[in-house]
Amino acid sequence: MTKPIKIRDGLTIGGQQLQLLAGPCAIESRSQIEAIADYVKAYGANFLRGGAFKPRTSPYAFQGLGLEGLELMVSTAKQYDLAVITELMDVRKLEHFLALEVDIIQIGSRNMQNFDLLRALGETRVPVLLKRGMAATLDEWLNAAEYLVAGGNENIILCERGIRSFETSYRNCLDVSAVAALKQRCPFPVIVDPSHAAGKSNLVTPLAMAAVAAGADGLLIETHHNPEEALSDREQALTPLQLKALLQQADKIARTFDRHF
Amino acid sequence: MTKPIKIRDGLTIGGQQLQLLAGPCAIESRSQIEAIADYVKAYGANFLRGGAFKPRTSPYAFQGLGLEGLELMVSTAKQYDLAVITELMDVRKLEHFLALEVDIIQIGSRNMQNFDLLRALGETRVPVLLKRGMAATLDEWLNAAEYLVAGGNENIILCERGIRSFETSYRNCLDVSAVAALKQRCPFPVIVDPSHAAGKSNLVTPLAMAAVAAGADGLLIETHHNPEEALSDREQALTPLQLKALLQQADKIARTFDRHF
Amino acid sequence: MTKPIKIRDGLTIGGQQLQLLAGPCAIESRSQIEAIADYVKAYGANFLRGGAFKPRTSPYAFQGLGLEGLELMVSTAKQYDLAVITELMDVRKLEHFLALEVDIIQIGSRNMQNFDLLRALGETRVPVLLKRGMAATLDEWLNAAEYLVAGGNENIILCERGIRSFETSYRNCLDVSAVAALKQRCPFPVIVDPSHAAGKSNLVTPLAMAAVAAGADGLLIETHHNPEEALSDREQALTPLQLKALLQQADKIARTFDRHF
Amino acid sequence: MTKPIKIRDGLTIGGQQLQLLAGPCAIESRSQIEAIADYVKAYGANFLRGGAFKPRTSPYAFQGLGLEGLELMVSTAKQYDLAVITELMDVRKLEHFLALEVDIIQIGSRNMQNFDLLRALGETRVPVLLKRGMAATLDEWLNAAEYLVAGGNENIILCERGIRSFETSYRNCLDVSAVAALKQRCPFPVIVDPSHAAGKSNLVTPLAMAAVAAGADGLLIETHHNPEEALSDREQALTPLQLKALLQQADKIARTFDRHF
């Protein structure tokens, strides 16, 4: 009973086709985002992800290129005919995201219950990818989505990205039960972000496979053409070849359910 | 090594005197806030707490009186010579909080990592009470405080309000270890909110006592002159007499440490 | 680098073939266990699971048929040429399990760190399926396994069955990251129990698929020919037809990895 | 409505007098246990704690002196007229504990749901201190106690020792809400073990104070005459002077409730 969300003509999330949303943690330069967009497109993905405004735990860590990064990303995506998904943190920046016609606005875990931000997005009709809070219950998450619905914006995509647990050998605990339960409880497509759940690249692929098998409608993956030189989250970024292999295997699993990437 | 924060002339948080910050969950009307301010003052408290802008899990729940509530609260507090603490959720409302000279701006758990809001407060010098996120580690919490410090605002008060756990017989798990650890690790005063931790009134008093014994610099307590008619969080609001008894017992415990309320 | 564990001639866990270990939560009667063994065998499974000694949260709940149940199960399994896996709680009962030639002895979550029980099993060479404790880290779990290794018994199969979390809409949070991480860290096969993780039948199948996709070596599934009349855990038992469908889909996913059931 | 448990003539747990149960993590030698018993007695405590059979996460860590340690402890306690509390892990050792007239048998967190062990203790009338499991809900804990009650043994003391959480800067999260809630829900005295909750000595004292203020009936504290040479848990053991100071401050807080140590 998932209701597909139309992103562009001929491009939806939540239908028979699963979507791969791939790109770097942060936009670092034109050459970086072009290099990544190039192989993301070549592998058949339709979406470019990347952060211009980064929510960093410490104020002294790299905060992203900001508006300049956003413009770089949008122009690069246009060049490669990719749809853009990127994170909005500050309600005062919303007008820029709308002016630049960002295809999907991501609301990160830390802002899942930033209700004024959600209300502002509820007034628009732009598709919103709403990540689950670090320790949010499904009820809280669906209630946060309801802040968008209340304003009239039902273009909602949920994104499971791992929850807090006591285990320290991976960053978060990917909750595949949430994926399965949400598919039964609500009409919103559910995307999974195994990169942030794992926090290290060698777990990303098996988690991505688990997500597809549990019924996810797509994958949000961090990739970098040169992970060792990434300015943030380098431990979890997939190389181009790892991304390609992931997509091939994920497609095989999707096909056992009569779906495909 | 706690550095007291000056709120007004002769009024600090983090010194020998512990502070009680009491009031309703939400401001409902002038008569309500006056009735509560009256007994809060009579019992010897120096701070009136109350919500004008309420972060509610559901968009269809009572959201607070907004700016009108804020003005009601500030004028009532002035009348009773109480300092005001109230929550700011939306960065676009900050100017109102500053214009009305709110004494302490509370940042709630859901916004602990709303970094743009923190940055804006970092540019001011208004005391900020920063509540711990639902599942925030001490490192994340102190890094969030660092967003204020980075802007030059060191008037920071931390507030422990319980963390997420698997236990369902109370709302959150009050983490008294955090209180003790923070007093050893950082210079910021630490306040405890047993009302939100407990979620029901019959646990508020023992949790408040535990907090004082663990070294807290004050208590943030929800109270209502008529809890059964409260528009929100009625299960956890203390009656006037319960508040009075709490304060007397808390003062006795504080005195075993050569402190007092 | 998983080292397969030989259970019987021609029957291993941890190799190219994944195993389905299916049966009722508790053995209730000869007719019940025969009815279940009959379709479990017909669907192609090699293992019959079932509890004779049940660890129940309350002492007043059905505790299992005990030794009589164990004998019923072993004789039924022999009749259908199925290997037997069943739980041992009390070290004083070990001799019965050995005498009856139980193929795999299960150590439940509550006894993961019952070190004297583990030491006693370390002295034998019987294959042990060691379930993860409710809130055990991978380090604690592998250290518990080391109690078996220390005695010389390396016939160890690990079983992920969900961990405690704050979410209340399913019983436990199935930790697929643990499956992937263990496959990289240790030589022991890893089985997944989606039935106890989910706590309700409508989530069992998607969790089972996620487990296979994450790399699990088999599935431990509760099934009952008539779930509504089961004496325990009826909400999570699959019907025969649900079990059959699960196995077919799981096999398809396994084949995308060049494995099979 | 707490029903005091009689330990010896004139010695109860759960009455107006709070009890301090202090001693080393593990019994190491006669000279060690005598040195510790000497100052524990001198400070006014009535109970000597210490482990002879130690549940260690790794099989290769020091496992305790076993039966020899138990005998050392009992004879030393007799010499100093102290009651003895020590942990039983293996049901086959119960007869030794009974023969040596251990005053309180401790069941550790890892065995909270070792139901066969609880059943065996239910057949005796020896006081049992039942520690909360790492991630046990209050319902599960009280149901475990019910395994003792079902056998006729109501001499039950509950012990809160911290629960698993995501926070890594202390070992466990001491749950003072559990103390307060249990005092309202059940007739069993509640003891708190701040040593295992904290995992480091500098947090033990504030946690102990919080426990007393929350209503605990006593404290279980690890102490060593020379913590740096302790064979286990040296980071959390209090020195004699720290223990003395803890007891003095705890007594002051108890007296604000008209109780005392």
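Order of writing sets the labels: A, B, C and D. Residues in every chain begin at 1.
Assume contacts are C-beta pairs under 8 Å (C-beta built on N, C-alpha and C of every residue); 3 or more make two chains touch, one makes a residue touch a chain.
The shown structure was predicted, so the numbers you read here are calculated from the model rather than taken from an experiment.
In terms of C-beta pairs in contact, A-C outnumbers the other of A-C and A-B. Counted by residue number, the contact pairs of C-D are over half the same as those of A-B, the matching pair from A-B, A-D or B-C. A straight line joining the Cα centres of chain B and chain C is 49 Å long. Taking the mean of the C-alpha atoms as each chain's centre, chain A and chain B sit 35 Å apart.
Across the assembly, chain D contributes residues 135, 139, 164-166, 168 that each touch 2 or more other chains. Chain A makes touch with chain D in their complex at residues 135, 164-166, 168.
Partner chain A is touched in their complex by these residues of chain B: 55-60, 89-92, 110-116, 119, 133-136, 139-140, 143-144, 146-147, 150, 164. Chain contact summary for the complex, chain C toward chain A: residues 135, 137-139, 162-163, 165-170, 173-181, 183-184, 197-198, 202-203, 206-207, 209-215, 249, 252-253, 256-257.
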